[in-house]
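Chain lettering (A, B, C and D) follows the sequence in which the chains are written, and residue indices restart at 1 in each chain.
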Amino acid sequence: MKKLINDPMEFVDETIEGILLAHGDHFKRCEGSKRALMRADGPVEGKVAIVTGGGSGHIPIFLGYVGPGLCDAVSIGNVFSSPSPDDMLAATKAADAGAGVLHLYGNYSGDKMNFGMAAEMAEMEDIEVATVLAKDDVVSAPVEQMDERRAVAGLFFAYKIAGARAAEGASLGEVVASAEDAVFNTRSMGVALTSCTIPAAGEPTFEIGENEMELGMGIHGEPGLRRGEIMPADDVVDEMLQHILPDLPFESGDEVAVLVNSLGATPPEELYIIYRRVNQVLGEAGIAIHREYIGEYATSLEMAGASVSLLKLNDDLKRLLDADAYSPLLPTL
Amino acid sequence: MEKLTAADVISFLRVLSEELPQHKDHLRELDAQIGDGDLGITVSIGMKAIRDGLSDLEGEEPGTILAKSGMNFNREAASTFGAIFATALMSAGKHIKGRGAIEVDDLPEMIEAAASGVSARGGARPGEKTILDVLLPMARELEAQVAEEASLPEAAAAAHEACEEALEETKQMEAKHGRGGWLKEKSVGIQDPGSTAICLMMECFADFVSESADTS
Amino acid sequence: MKKLINDPMEFVDETIEGILLAHGDHFKRCEGSKRALMRADGPVEGKVAIVTGGGSGHIPIFLGYVGPGLCDAVSIGNVFSSPSPDDMLAATKAADAGAGVLHLYGNYSGDKMNFGMAAEMAEMEDIEVATVLAKDDVVSAPVEQMDERRAVAGLFFAYKIAGARAAEGASLGEVVASAEDAVFNTRSMGVALTSCTIPAAGEPTFEIGENEMELGMGIHGEPGLRRGEIMPADDVVDEMLQHILPDLPFESGDEVAVLVNSLGATPPEELYIIYRRVNQVLGEAGIAIHREYIGEYATSLEMAGASVSLLKLNDDLKRLLDADAYSPLLPTL
Amino acid sequence: MEKLTAADVISFLRVLSEELPQHKDHLRELDAQIGDGDLGITVSIGMKAIRDGLSDLEGEEPGTILAKSGMNFNREAASTFGAIFATALMSAGKHIKGRGAIEVDDLPEMIEAAASGVSARGGARPGEKTILDVLLPMARELEAQVAEEASLPEAAAAAHEACEEALEETKQMEAKHGRGGWLKEKSVGIQDPGSTAICLMMECFADFVSESADTS
């Protein structure tokens, strides 16, 4: 296992420590939990609070999306496994400013059940909680069963949209509506070239041949659509878009935001080669690109691979996507 | 033994928390085939958390001991199984709130309460390859046993048998929940990892009440 | 070779195409060159122009540092090899706004000689050109021979400082002085865990064992200080700082900026584990951290590894480092 | 042949540009041991650029043909060697500006001009394992030949011989420039890749002027 780490069992806590040492002006710990962080300036009086969380190993997901115009607090699990309800509750209570709390996270059963328990406990303490789940991975289930789809990088759009709506001073119901609008208009698909290695496991999560890639693989190594010979980037993009475009569908005249995301090891040069083809195909399809995000937005440790996510925009989503947001977990100048 | 006092519940949980981790590799292997292979470690960490929490539960009533132990499990080993198992213990525990001991008549209701808590939590229905598929057959068997006025050891032994049979049947089922759900038909043929953990616990319980039966 | 690319020979040009498609509002091509880009709003009237360049494969280095508060134009070579003097001249002529041009780049003989020829040609066209080279890698030569040291991620600091000084409206001489101030106060050292693969080569640049790391390796795979068993992250950091701190030296009471850079495959979690230790050691040494940069600032394709750079600050450098700068090549929200 | 007209220079460069790429692997190998292994590809690409540029140089004088060919090489194959080689050709070319043909007496000055251009460009001094270490011995040998009133073919052959001997001596030198410089003492024992390329060119030149000698 080739990693620059210390004791694998300390991987998560040392990462959090490093983040607090680097960004202590931005984050603070939530009372009563070693695995929950919140905005240093939170709770924000009168604002609907957005709480997220999930397993570690995906930075900037999840804690990288805590900040102005984004989420208010996050609970942090072990690598690839759910945080505990106690940490979620601590985050929920700490972030709550009286206007209600939105639990916004990815559609994974472990996270769902534990957030569900946290929500119940929070309600017992008279905190109003609503829940919205990202489920953007088109290959994980047919569109008729969208509620069974897992979340990948498309969660980024839900954060931006819900975060901006909450920052506008909207009510919990309104924030939920905008978050759902984002979720239902987001579609993603990924491709993996290599496996990642969970530090505590020490072994690659899955085996994959020297010339193989897996299309549609999940960000924890969940089996995807198909395994095959590595193809040219343009062909990979074309196949991804053949699944993404008809799924919503995205059609001529639509306006979208594009996210080309690196799973970790894939360098920026390759992301731009991928974006180049995405831009060409959307252009031919008469779909306009309002803005694009290219870089590491949702990683899977050191996995080599990338994902493409599209958000179909309407006037509200456009306004909210373009709103200001800040997080120090995205490299700054 | 005819009933479990609060002290009995605590000593059973201590025995259970020593026994289950010994099946770590078997559980990991099963979960690796259909999920992400962490169930063995989840159960080991969770059972250790239950054990570590028992001393604080001295003097509490049986229902509280069960409910709090469920929460202790999932606090340290949060996951799908952790949440499901915690929900089961919390539901069963709530159901016998106020009762000073667990009698054989309580068992069917407790397992039913656990089952309905689990399906409320996870939205699963019978036949979807989850622990519901061993909990419900156990509940039915226990009702029958109570109707026949079976003793606690007899009822527990029968419930464990029913559990093993039901576990065997999970092999034919197609997973609809959790990571197994994404495997769709590929999940058929593998016995459900979570239900396997429940069966191991039930076996441990049947042994516990019968052994104590001998020694009492 | 596991890459999401098309024809390896098109790697550089397709990357540039993708960047122009994504960031056409920020970049434009320099007249007469396919391998030179500049600020879309350039040349900036009356401002000293900063021109950089070098081999491809290091994004955000080099072209990622073209923008407000940074460089004005860049010339782009093939992977790991120098751009041509013609492309450098095109960038120099396009960026020149009459106040003179600073050639600011890394200390590599190929780049040096070609920029040297470009500078001569520019002067023949009456453009005043000055040159400053980054040379921050402490293991590449003893401090007495600092002019022989190669540049690694520390070039980032020179960009920020010189870019800010030029934006203040300083003269060419003043910009040169600030750039040199940054260069002489910057020290770096890296560690590599895996090799990168030049697309056109198709084979890893070097072999390295499954449990080996190379301390001090250059960002093109140049041999470093020593090869050995992978060590815990804290020990790696300690050894790096044992070379970096005495070299300037950095001493108790000093104030520094810290750059923890990923060479590509190393994920953010590990960078924060590294930063955690850097923060501890500097704290023990009585060295104050004014600000920190953590992420991908100078990559080597998909190489796994990281580097640590320190900039010793004075009041001028602090003011210039804190000045605003913008580039779309660093992921934005 | 006694001198090279502009037309001869063009046909020599055409021959050279066909010959050098055949040594691609040998050069790659040498550079891989001491640098980054790109010299073979650099020389192949650069020589192709020279060839492609020759048609535009018809009618130019010899000095211009050499200078522009150097620039063409480095435009497509920019690198340390590209810049050094381009500088050498530009300096030599400038030196004979205005002369309609290259005579044997011109050769020593041309190589000296190339050498001083190279050391001005790269700051190298003799003995630092660079192409200077073959250029300077060649210049000295050519002076001697001219003093002895040798013919062009004789002088070229002698210069090539001197070049090979000097190349052999670069093995003992420690590199001080370029990537080899970072290898320090580890660079001793390997023959300088760039100087190897120069020797191959010189061999080609000697053959060219002698062959033409026979056939003229």
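The criterion applied here is as follows: a residue touches a chain if its C-beta (ideal position, glycine included) is under 8 Å from a C-beta of that chain, and two chains touch if they have at least 3 such contacts.
Fair warning: this is a prediction, and the values are worked out from it, not measured in the lab.
Undergrad: Between chain A and chain D, tell me the centre distance in angstrom, where each centre is the average of that chain's C-alpha atoms.
TA: 58
Undergrad: So, what's the distance in Å between the C-alpha centres of chain D and chain C?
TA: 33
Undergrad: Taking each chain's centre as its mean C-alpha position, how far apart are chain A and chain C in Å?
TA: Each chain's C-alpha centroid was found; their separation is 30 Å.
Undergrad: Which chain C residues reach two or more other chains?
TA: none
Undergrad: Give the residues of chain D touching no fewer than two other chains, as numbers and ranges.
TA: Residues: none.
Undergrad: By the document's touch definition, which label belongs to this structure's chain graph: line, ring, star, complete, or other?
TA: line
Undergrad: Spell out all pairs of chains that touch, sorted by label.
TA: According to the stated criterion, the contacting chain pairs are A-B, A-C, C-D.
Undergrad: Quick check: in the complex, which residue numbers of chain A touch chain B?
TA: 77, 80-86, 109-110, 113-114, 116-117, 140-141, 148, 150, 205, 218, 220-223
Undergrad: For the complex, which residues does chain B have touching chain A?
TA: These residues of chain B touch chain A: 36, 38, 42, 71, 74-76, 78-80, 82-84, 86-87, 121-122, 177-179, 181-183, 186.
Undergrad: Considering only the defined contacts, which chain C positions touch chain A in the complex?
TA: 2-7, 11, 14-15, 17-19, 21-22, 56-57, 59-60, 64, 69-70, 160, 191, 193-194, 210-211, 213, 230, 232-234, 236, 264-276, 279, 292-297, 299, 301-302, 304-306, 325-327, 329-333
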